[in-house]
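Both complexes below contain chain A, partnered by chain B and then by chain C.
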Partner chain A sequence: MFSSFMVNAWIAGTFVAVLGGVVGFYVVLGGNTFAAHALPTSAFAGAGAAAIAGVDPLVGLLAFSLLGAVGIASLENRASQGVPTALITTFILGVGSLFLSITNSYGEQIFAVLFGQVLGISRGELWAIGGTSIVCVGAVGLMSRPITISVLLPASAEAAGLNQGRMKLALLAAVALATSIALPVVGALLIFTLLVSPAASARYLVSSLRGGVVASVMIAVITVWLSIGLAYLTNLPVGFFVGTFGVLGYVGARTLSKVTSR
Partner chain B sequence: MANGTVLEARDLVVEFPGRRVLDGVSFSIREGELVSLIGPNGAGKTTIFRSVLGLLKPTSGLILTRAKRQSDSATAATTARINGTAATATATSTVAKRAFGYVPQQVSFDRELPLRVKDVVRLGIDGHKFGFSRDRKGREKRIAEVLEETGIPELASKRVGELSGGQQKKVMIAHALAGEPEMMILDEPLANLDLKSQDQVVALLERVSKVKHVAVFLSAHDINPLIPVTDKVIFVSGGKAACGPINEVMNSEVLTSLYGHRVDVFDYHGRMVVLADPEGGHHHDHAEGHGGEGRLNW
Partner chain C sequence: MINWGMAVISLAAAQGTGSKAVANGASGFLFSSPVDHALVAGTLVAICAGVVGTFAVFRGQSFATHSLSDIGAAGGAAALLAGVTPLAGFASMGTVAAIALESAETTSAKDRDITTGVLLGGSFGLSALLLYLASNFTNVSGATTGVLFGSLFTVSASTLPFLAAISVVVVLSVGLVARRLTLASFDPDLVRVKGKSPRTAGLIFLVALGLAVAMASLSLGAILSAALMIGPAASVLRLTSRVGTAVLTASLLAVAETWLGIYLAYESYSWPPNHDGWPASFLVVALVLLVYLASRGLERLRVLMGGNVGLSGGSATERGRGATPHV
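Right after this comes the complex of A and B.
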């Protein structure tokens, strides 16, 4: 369980869990879960664009995720009710299907993009995942107070001189970055689980902002560690366990909260 | 700008496509004064607030503020002329954002939100700042002070989503006070509160203005709960405004002039009742929809 390729998996999984726990906390705090679901779908088209251009898939993932973030931040507002996010998601999926139809090599990457290959992470990928995770968590930490007041008290934030559009773009850019980095580990379909489930569970377990971030990270790390360990022992997909523990954790936290509040 | 004045608006004009919302509105607010902005829906109360906060570029006019400098304790009179150009409007908003604490009308918190009362107050101190906080001890001390001043120290560790509407309003006032503003701007602070909570919020705002000497500028539909504490009223209607002590503004002569048709003001057991002439055009329709035949109930 701790051979060299598994060590890479444990380390990469831990980085991704910490990143997902931190970024996801602010995503859930601001009710941006739909956008967090939409951006990973950009990976589908991003991987296709990278295959056609002959560049590293990570470059394509990052470029398309950031484009999606800019599109959503520009068009979404309080009155639009998620319509721009839905349209951008379907548009990107359409572009992805176009890329799929014009290249053969893209098809081979699809499985890895959608479901991840945590047990096949190389030392080079590990450095990229670790470095980007640290930068992303640091950036979110520096912006944590303005992001928090922007999502919780938008009128007060505006009166204090914070540009709401820019703050939303900053948060979505962090989601795009987290998505791109986490894809090799958990895949596009399951990064949403890591971004949303630990933070949503933490809401029911702690009462403070700082406690919420810590709890979100801890739940995400435990989810990933359990998933990798069980995947190794059972030879079942990591994604299956991540998704299962995501739902179980959320339901468990809600139930515990209801029981203790009686 | 006169000594002790924290805000002065002169001939403020705001035009939206197809209509003039404010048409030469002038008023001034001194430190420690509690000023009530009264008027019917759509009269321009929120437009005045947004202009003062620098969130809206007026078409023309002049706003003068005495901004508290954050880098030192000195205060400076700052003048910004608004003539519709981008550069001068930006200058106005920069000044305004440093000077005011703002309490929006509608704030709702989920019960499960991991946000304690002291977290909300903390955001009022440095929530707009990037980077990591350096003076944590000073910040925690300030939070305790503000919670004491607003009379809610026992709520410090409570989830804000579990509090009543009146308690949440006090928390938001603490949030706005935490940044030590020269003036607090509150949009409809008494809306959706029961009578007891209204009394508590009014008493708190009186303490803020008279004990802390922070100017309080608030909007309301009904002047009655605010009569005992209001130093000055600004009544806005049809783009025009009258400003002064309650008895000088809330009388038949001034309101008739503002509305352009006859309006009667009566004192009923210490409460003000404002009645419009039933033949008074569109204002009559407004009155019928709210407070019965001919009553202007804003």
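Right after this comes the complex of A and C.
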């Protein structure tokens, strides 16, 4: 389980989990769940585009998820209630299916792109994943104050001169970045699980902001470690375990907070 | 070790069977039986999508709609594994998920979105498992792409009566609760005063939504079907303030978008780069987005000229000034 080719998987999984836990905390805090689902699916089309253009997949993933972030941030407003997000997501997924039908070679990787392939991570990719994670966590750390204020106290944020649209774009850009590097590990659909479930569970367990981030990261890391281990032992897809532990953790945390508050 | 190569079925194979099916019967657009089936199935799906989608959009349930369609993917994969028609899987999973979403106790819209998100995340895990098993232990080809992206051209004649029956159920149950839904969306207390529970209406509606999404999943694929539910309805609701008119025009718009998508998919066998057809699902979804963006432009134009805006457009104050529901 800890042989040389598995070591890359463990390290990459840990980076992705830490990043997912941190970024996901602010996503859940701001109620941007739908956008967190939309961006990874946008990235899916990016993998196809990169295959057609013959460039590194990471470039395609980054370009498309950032494109999705800009599209959602510019079209979505309070009255539109997620409609633009839903339509942009499905459209980009459709573009992805078009790319798939054009490049037959890429078609063979569709399951891995959607549901992840933790074992195929090379040493080079590991450097990219590690570097981007550190940059992304650092950026979110620097922005944590303005993000928290603009999410929790929109009125005072505007009074303090914070541009709400720009803050939302910054948060979505962080999600896009996290998406691009996590996609090779857990797949486009399950990045969302890793962003939302640990953070949603942490909210029920810890009430302070800093404690919430730490709890969210811990839950994400434990989820990923257990999932990789069980996927190795059972030969089943790693995404299945990530999804199941996500729901179990959330139900557990909700029940626990209900019991203790009585 | 996990052999992903085995788990994956090349899309080329799935596309190939689709194109052959069309090419064999293709002496003309309307004389090809896959096209005929696609048109009938597409029309039924579009009518339901328009009717249900209108209420889903003005109730602010676009994330729920999208989630139900994605959760349905697990049902579709389970059906493949069990060897029954995917429609059965989509429909039962859609109904179960709808009941689970409605019965989860949530305090705010944000809380509701997070609970929906966690359920959705769990269902992706289930889909991963079931699609993996379906690809490895059955000889169904194109499991992953078929369930997720669908193909109108592979709808079989034997599925059509089921589609028709579900359409009737969906339209009737929405008709039954339409008045209460409209009231409850604007003033839940008024419904309670009348001695009726807004929650029962919400549950009946969400089950209808689950069924409609299941039908759309069969034709457009599980992860694309939400577009047809939300897009036409959202486009129409920006331009009209009457719920009845909105339901009718949203259905007509959905039917038109589907037909045009099928026609373009048929034509696309002569398009570059490969001359083997563009996915019908993609063409329909692209049309839906174009029409929605056009309706936003049209609405802005109307506001500039001082006219009324629709139910879902503009700010809350504009809505209060411009329109009240007439049902």
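As a convention for this text, the second predicted complex is superposed on the first by the 262 of 262 C-alpha atoms of A that agree within 3 Å, B and C clash if a C-alpha of one lies under 4 Å from a C-alpha of the other, contacts with A are read in each partner's own complex, and residues count from 1 in each chain.
Note that contacts are C-beta pairs under 8 Å (C-beta built on N, C-alpha and C of every residue); 3 or more make two chains touch, one makes a residue touch a chain.
Note that the coordinates shown come from a computational prediction; the quantities given were computed from them, not determined experimentally.
When the two complexes are overlaid on chain A, chain B and chain C sit side by side with no clash. Looking at the shared chain after the overlay, A:Glu158 reaches chain B, while chain C stays out of its contact range.
In the superposed model, A:Val214 makes contact with neither chain B nor chain C.
Once chain A of one complex is fitted onto chain A of the other, the partner contacts of A:Leu169 are absent, as it touches neither chain B nor chain C. Look at A:Ile11: by the touch rule set out above, it reaches neither chain B nor chain C. Once chain A of one complex is fitted onto chain A of the other, the partner contacts of A:Leu226 are absent, as it touches neither chain B nor chain C.
Measuring from the middle, so to speak, at the Cα centre of chain A, the directions to chain B and chain C differ by 90 degrees in steps of 10. In the superposed pair of complexes, A:Leu98 makes contact with chain C only, with no contact to chain B.
Touched residues of chain A, counted separately for chain B and chain C, are more numerous for C. Once the two complexes are overlaid on the shared chain, A:Tyr250 sits against chain C while remaining clear of chain B. Contacts of A:Leu142 after superposition on the shared chain: chain B is touched, whereas chain C is not. Overlay on chain A (Cα): least separation between chain B and chain C is 7 Å.
Chain contact summary for the complex, chain A toward chain C: residues 28, 31, 33-34, 36-37, 41, 75, 78-91, 93-95, 97-98, 100-102, 104, 107-112, 114-117, 119-120, 187, 189-190, 192-193, 196-197, 200, 231, 235-237, 239-244, 246-247, 250. Residue ranges on chain B touching chain A, taken from their complex, read 53, 55, 93-94, 97, 100, 102-104, 107, 109, 112-116, 119-120, 123-124, 126-133, 157-159, 175-176, 179, 185. Those residues of chain A that touch chain B in the complex are listed here as 29, 141-143, 145-146, 148-149, 152-153, 155-162, 202-204, 206-209, 211-212, 257.
Chain C meets chain A in the complex at residues 1-2, 4-5, 7-8, 10-12, 15, 57, 60, 62-63, 65-66, 70, 109-110, 113-129, 131-132, 135, 144-145, 148-149, 221, 223-224, 226-227, 230-231, 234, 273-274, 276-279, 281-282, 285-286, 288-289, 292, 296, 312-316, 319.
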